[in-house]
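Let me begin by presenting the structure, written as structure tokens, before commenting on it.
As written, the chain order gives the labels A, B and C, with residue 1 at the start of each chain.
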Amino acid sequence: MNRTGRDVPYLKPVPDSPAQAGGEQDSVAQRRAEEAFIIDVDGYEGPLDLLLTLARTQKVDLMKISVLNLAEQYLKFVDQARKLRIELAADYLVMAAWLAFLKSRLLLPPDPEADGPSAEDMAAHLAFQLERLDAMRQAAARLMARDRLGIDRFRRGAPETVARKRRTEWRAGLIDLMRAYARLRTKDEFRPYAFDRKDIYTMEQALDRLRNMIGYAGDWTGISDFLPEGWGGQDARGRSATAATFAASLELARQGQLEIRQTETFAPISFRRRPSSDQS
Amino acid sequence: MTDDTHTTDSDAADLARNADFPPPSMPDQVRMVEAVLFAAAQPISVAELKDRLPVGSDPAEALSELRRQYEGRGVVVERIGDGYAFRTAVDLRFLMQTETIEQRRLSRAAVETLAIIAYHQPVTRAEIEEIRGVSVNRGTLDQLIEMEWVRMGRRRMTPGRPATFVVTEAFLDHFGLESARDLPGLAELRAAGLLESRPAEDGLPKPESDSDDPPDAEVDEDPAEDFFED
Amino acid sequence: MTDDTHTTDSDAADLARNADFPPPSMPDQVRMVEAVLFAAAQPISVAELKDRLPVGSDPAEALSELRRQYEGRGVVVERIGDGYAFRTAVDLRFLMQTETIEQRRLSRAAVETLAIIAYHQPVTRAEIEEIRGVSVNRGTLDQLIEMEWVRMGRRRMTPGRPATFVVTEAFLDHFGLESARDLPGLAELRAAGLLESRPAEDGLPKPESDSDDPPDAEVDEDPAEDFFED
């Protein structure tokens, strides 16, 4: 495949088998290789990129690549990195482990028991991935080589501004109109419900009052004596205060602070403070 | 691969620089002036054109040919100070305006007033206020009149000869009605479920209707909030 | 084109607004389209032209006539996505050194990511990572979005509802493409099956997704273990 500018494999400076001529020369060569290697590792955009570069050294069409050879090349690269004590990123090692696994499966006769993709499928998919990445790189190069705006083609240098006028359009539908009318015509049928706070004696109020008063009620005292000034009548206020005070008395009885007595059905209800001897 | 530096068209560039080449043809020079004027942010003078066009070009002549070619077109070459630039033809300047239409919702007060006029026309302002239970802000009626949905009708032949309000043809058009009589009646509104779905703000009905107090607090509308709901 | 009866500003404006007038002649419509396209830096769609031209105009036809008239000139009408715009002729780029915009140098990762989005759109981040074999740095996508070459598309209707990325009209404009279908080599790539999103086989290593930072060198004892489980 026709490649632009990347014909020199990154790996080239790293000799497959470092010349073991010995002596000082050896250490110099070693250091050089090491340096070159470090630069190269940084140059790769991940394991797939490294594989693609290695694949190119096979000088065959990517679709005819020997995945087995490729796996060996890759593993050799990783081995080299280990020898040079270069830390490879985790995904390079993951790829290495996977390629080692793939290699072993490609070499062994297929296991009829094994489920999942065959080794050949996996190899084919790897080749596909490499070809696709290569294709995308070529596409990117072709894209960047197009006649680009601001480089090869130019827009109007002094565009004329378009004045904007605003006009308001009112939005109302027939349904809004009918609904508004319906709302008006039915307004008198219902009176808005307002919770009339001034005739309500709340249980919180009753509880506060009862707590304060019960300390003085050593003897049975009728519920009406606990009602606040002006709340003792037979009207709604009286009913509200009585109900709230009774509810409050139940709460205090539950807490063991007072006792409740009713001699018979509908007889007046009386409270007294619970004798302290029982309180433990 | 990521090489972004674009080489200029080397042939053309050579042509441009090299005096040994003959100058481009006049039609090509016209094209060049056309492109330079188009892309320039400022008007370009003949001297600047001379600097930019290939050696041996005659920008003055190319320019006058270009001006001739653009006569009567939608854009023309105008002289501005020492320079030249493309400008929209004078008679087409109106194209350089766009109208943006902003949609707004009518306020509740306006919708209600409009509904009353539509259902009760011809109707006086006092009658509208009686039905709405609140006074009608002058601005509400003015706005409806300005929108051409409402107009003044005949004066009522009653003491004070109050003005009446009626809906317009534009109103009928907007709401897709043949006439105001096509508006559905109360029974139909109820059948359509419009009367049952009580507006949330009215709250729950009180079980005992022991009240002879007025249904609503008599509140005058805040004129500022009158028209615009949002 | 010679237009001897020059209408005045207000006549033309009246003409433009009033539906009762017949639409302008085709030569006049061509002038109008010419003026509107010339004035704008960005591409203008046929729908926008229709909004701005007088009622009853046929901007599509006027446009094709205009394109014909500008063939071979120094500026040409280009189609860009749904829009049309005047751009200088490519062969005159050598004249434009003063207008040339210094392009921000894109990294190799950015260029590749851009190409993958263009050719595979709509494409999720995970798919980009699958193709490149490395995780996509957040900054790369941000840069492309900031340049307005890439935008978010619809979410994919798959678990997690991942966002997709697509290229924009500004991308098409920048690279001189009529549509994303005109990307170079698109047909061949599709024919070769290289644009299919083939799910990775079980057990194939995938780039670590969702890492905003480059993966660090933290290595498990046996990183391969996870991959061999099933």
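In this section, contacts are C-beta pairs under 8 Å (C-beta built on N, C-alpha and C of every residue); 3 or more make two chains touch, one makes a residue touch a chain.
Fair warning: this is a prediction, and the values are worked out from it, not measured in the lab.
Asks: Tell me the shape of the graph of touching chains, choosing from line, ring, star, complete and other.
Replies: Complete.
Asks: By Cα centroids, which chain is closest to the centre of the whole protein?
Replies: C
Asks: Taking each chain's centre as its mean C-alpha position, how far apart are chain A and chain B in Å?
Replies: 41
Asks: How far is the middle of chain A from the middle of chain C, if each middle is the mean of its Cα atoms, in Å?
Replies: Using C-alpha averages as centres, the distance is 30 Å.
Asks: Provide the C-alpha centroid distance between chain B and chain C, rounded to the nearest whole angstrom.
Replies: Each chain's C-alpha centroid was found; their separation is 28 Å.
Asks: By residue number and range, which residues of chain B touch two or more other chains?
Replies: In chain B, the residues touching two or more other chains are 1-2, 4, 35, 38-41, 86, 88, 96, 98.
Asks: Pull out every residue in chain A that's touching 2 or more other chains.
Replies: Chain A, residues with two or more chain partners: 137, 140, 144, 148, 151-152, 154-157, 160, 162.
Asks: In their complex, what parts of chain C are in touch with chain B?
Replies: 1-3, 6-9, 12-13, 16, 30-36, 38-39, 51-53, 72-75, 86, 88-89, 91-99, 103, 105-108, 111
Asks: Over in the complex, which chain C residues touch chain A? Could you list them?
Replies: 38-41, 78, 85-90, 93, 96, 99-101, 103, 108-109, 111-112, 114-116, 118-119, 131-134, 173-177, 183-185, 189, 192-194, 198, 200-205, 207-208, 214-220, 222-224, 227-228, 230
Asks: If you look only at chain A, which of its residues touch chain B in the complex?
Replies: Of all residues in chain A, those touching chain B are 4-6, 137, 140-141, 144, 148, 151-152, 154-158, 160-174, 176-188, 190-194.
Asks: Of all residues in chain A, which touch chain C in the complex?
Replies: These residues of chain A touch chain C: 45-49, 51, 87-91, 93-98, 100-101, 116-117, 121-122, 125-126, 128-129, 131-133, 135-140, 142-144, 146-157, 159-160, 162.
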